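Each of the two complexes below includes chain A, the first together with chain B, the second together with chain C.
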Partner chain A sequence: MKILVSCKISDQGVYLNGEIQQKYAKETDNWKKDIYSKLELDYPKFYKMDALAKMAFIGFELMESVCSFEHFEDNDVSLLFANRNSSYDTDLRFIESYTEKGSPGPSLFVYTLPNILTGELAIRKKWFGENIFFIQENFDAEFFIDQINFYFRKGSKACLCGWVDSANDKEECFLFVVENTEGEITPEELTKYYKQ
Partner chain B sequence: MSELKETLKAQIIEQLNLEDLTVADIADDAPLFGEGLGLDSIDALEFIVLLEQNYGIKIADPSEGKEIFQSVDSLAAYIEKNQ
Partner chain C sequence: MGGKTKLENGVSELYLSYGGLITPLGDTVTENFENMRSGKSGVQKVSESGFNKEDWPLGKITSLTSENRYTEILEKICDALIENVGNEVLSNERTLIIISSTKADITALPSDTFTSTRAILKKKLNPAHAPLIISNACISGVMAINTAADYIIADKYDTVITIGIDGLSDFIVYGFQSLFALSDQSSKPFDKNRTGISIGEAAGAIVVSNKKPENGAFCVNYLGGSSSNDANHISGPSRTGEGLFRSINKTAERSNIDIQDIDFISAHGTGTLYNDEMESIAFDRLNLNSVPVNSLKGYFGHTLGAAGIIEVISTMLMMEHGLLLKSPGFEEQGTTKKINVLSENLEKEIQLALKTASGFGGGNASLILKKSL
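Up next, the complex of A and B:
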């Protein structure tokens, strides 16, 4: 397996393949919209997404701006995601919608599951491979590699992976695409990408 | 009428959690569903709640929704007519 491209978005900034991207520096609290505008995307559904889905969407679009995935067929790509806090932020906002604002908000409710973000990406790319979202204490490189190998044994040609988390004003997004080729990635290597 | 439209845009942004949008981003005649804001059937439910909570208007016939929720223009016209 080989990592085709990676993207890390943290408080420190936006990194593509390990290199900081000054063009997409997080200059305001509205950084997701800022990057969406800079990428000149036209996808109104973006505005409806919660923070998790927006981060994954932006991270993916950044990767696609430097790496083409056109050679993959619709069923070639599996999606493998995880985070620590599930959909915690949106859960709180949903609770607020019916305890303080009088009625449960349907548009919030649909984001009270973190795996909605995998659906958003699958819809965007029309990728119909396997997809799964795990809740874990921390990013576990060994676990990701095991799962990727499982998908590859089942016939996936690539795997879009991500650790996307948002809670208590702390946001983190690490995405990478792995292609099913000769060679191995060690947990240490993958952890290095994550910590870039 | 223009004041109502501006209020409606702010309410749409709040009710639908379109927090990255501003009132200026929504044109009076822009389609709210499909193209334009890209809203869907879930958001139609939000519009029904918005009309009931903020304007005391209940939509008796759901099939009317498609026409009423077409744009901020059509929403404002419906509110003016039914309040």
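Up next, the complex of A and C:
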């Protein structure tokens, strides 16, 4: 297996394949919309997404700006995602909708599942492959490598993986694509990209 | 008939056996089956359960006594596992626990909703490894079993205990109410007069292992499984059943069986207009129109993260007893594609059973079970 491309968005900024990207510097609290604008995309659905799905979407689009996935067919790519806090922020906003704002908000409720973000990515790319979402205490590189091996054994050509988390004003977004080719990935290598 | 598995690493067969079943219809696997067989439903009107104090029909476990429903259900399923599986297996170095839940203890907010799950499992079951948690909407349970198989085939573990669990909460009831997805009578999957979902709560546990249970308990073979996204809409089912169609095809291929040899389908069948319609279209595209099918949501309600697990347990019970359970609430064909929904219990031996699930996020998952020789 080989890492085709990776994207980490941290407080320091946007890293693509380990290199910081000045073009996408996080200048405001509204960095997701800022980067969306800089990417010059025309995808109105973005504005309806919750913070978690927006982060995953931005991370994916940044990767696609430097790496083509067009050689993959629509069943080829498995989406393997995990985070610590599930849909925490949106859960709280949904509760607020019925405890303080009059009535439960259906558009919020739909996002109270973490795997909605994998659905958003699948829709964006028209990818019909496998999807799975785990809740873990911390990013675990060995766990991801195990999962990738499982999905390669089952025939996936590539895995789009991610750790996307948002709770108590702490946001984390790390996405990477692994292709089913010769070679090994070490947990240390993956963790290095994650820690940027 | 096919059925030889394409398993690797010296693991020639995978077996599923009962770990426990806590639902509105009972606290044991046997009690649940007896109640289903006699046509009882665990779905009853619950007074003032709605946001505007409506009395929604829900699959509520009436025997719970503590304030925290989720915690009590989790403790009960742990006790069932200790009794049915034993501490030796549960805390073995070669055993992993996988939890399938959509919301875990949602009442813990703003504290972490999954912390208590880890703590209770540690205290009650003393596992050698931290449990794995899958939260993938309503397909979580089927995915937990498929993931268990992945780990055993890769020879990481000999046994994986899969636990599906969700409790009733205002959060979930108000949420589905806000989507206008709740039915004002007990849900009627696949029926002409279906109007929506009845939410429920439950926990179920299945033991996935590379060997048969040592005590000679009933088990079935797991042949294969898969998932597929609709790539269509985050909360609406595909109009063509594309993801479900692809997942069933992939699962059949991995199981090395001919789809036409499937004897029975335990469908997802939530009771909403669009979901059930979508499933009928997918089954029709696969020429599965004459295969007996049921939805078990009329017995338990839709138990979200528990659904896949408790419905696989029910499927195993049907295989054990040679009895297909009727699909509660179904009276008249209500999908544009005709499928063979069971309106009465039917005595029939099942060799190959298909379990399917579909959920928010466009997810679809399936797995195939074979009766063990």
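Structural remarks
Simple rule for what comes next: the second predicted complex is superposed on the first by the 196 of 196 C-alpha atoms of A that agree within 3 Å, B and C clash if a C-alpha of one lies under 4 Å from a C-alpha of the other, contacts with A are read in each partner's own complex, and residues count from 1 in each chain.
As a working rule, contacts are C-beta pairs under 8 Å (C-beta built on N, C-alpha and C of every residue); 3 or more make two chains touch, one makes a residue touch a chain.
Please read these numbers as outputs of a predicted model, since none were measured by experiment.
Touched residues of chain A were counted for both chain B and chain C, and C has more of them.
Once the two complexes are overlaid on the shared chain, A:103 sits against chain B and chain C alike.
By the touch criterion defined above, A:134 lies against chain C but remains apart from chain B after alignment on the C-alpha atoms of chain A. By the touch criterion stated above, A:119 is placed in contact with chain C alone, chain B being left untouched. Of the two partner chains placed by superposition, only chain B is touched by A:93; chain C is not. Look at A:75: by the touch rule set out above, it reaches chain C but stays clear of chain B. Once the two complexes are overlaid on the shared chain, A:183 sits clear of chain B and of chain C alike. Look at A:44: by the touch rule set out above, it reaches chain B but stays clear of chain C.
In the superposed pair of complexes, A:146 makes contact with chain C only, with no contact to chain B.
Once the two complexes are overlaid on chain A, the chain A residues touched by chain B in the first and by chain C in the second are 103, 105-106, 110. Partner chain B is touched in their complex by these residues of chain A: 30, 32-33, 36, 43-48, 50, 54, 93, 102-103, 105-108, 110.
On the side of chain A, the complex with chain C involves touching residues 74-75, 79, 84-86, 88, 91-92, 94-95, 98, 103-106, 109-110, 112-116, 118-120, 122-123, 125-137, 146-147, 149-150, 153-154. Interface residues of chain C, counted against chain A in their complex, comprise 8, 51, 102-104, 106, 109-110, 112-114, 118, 130, 132-137, 143, 147, 150-151, 153-154, 156, 170-171, 174-179, 226-235, 242-243, 246, 250, 254, 360-363. Those residues of chain B that touch chain A in the complex are listed here as 15-18, 20-21, 35-39, 42-43, 45-46, 49, 53.
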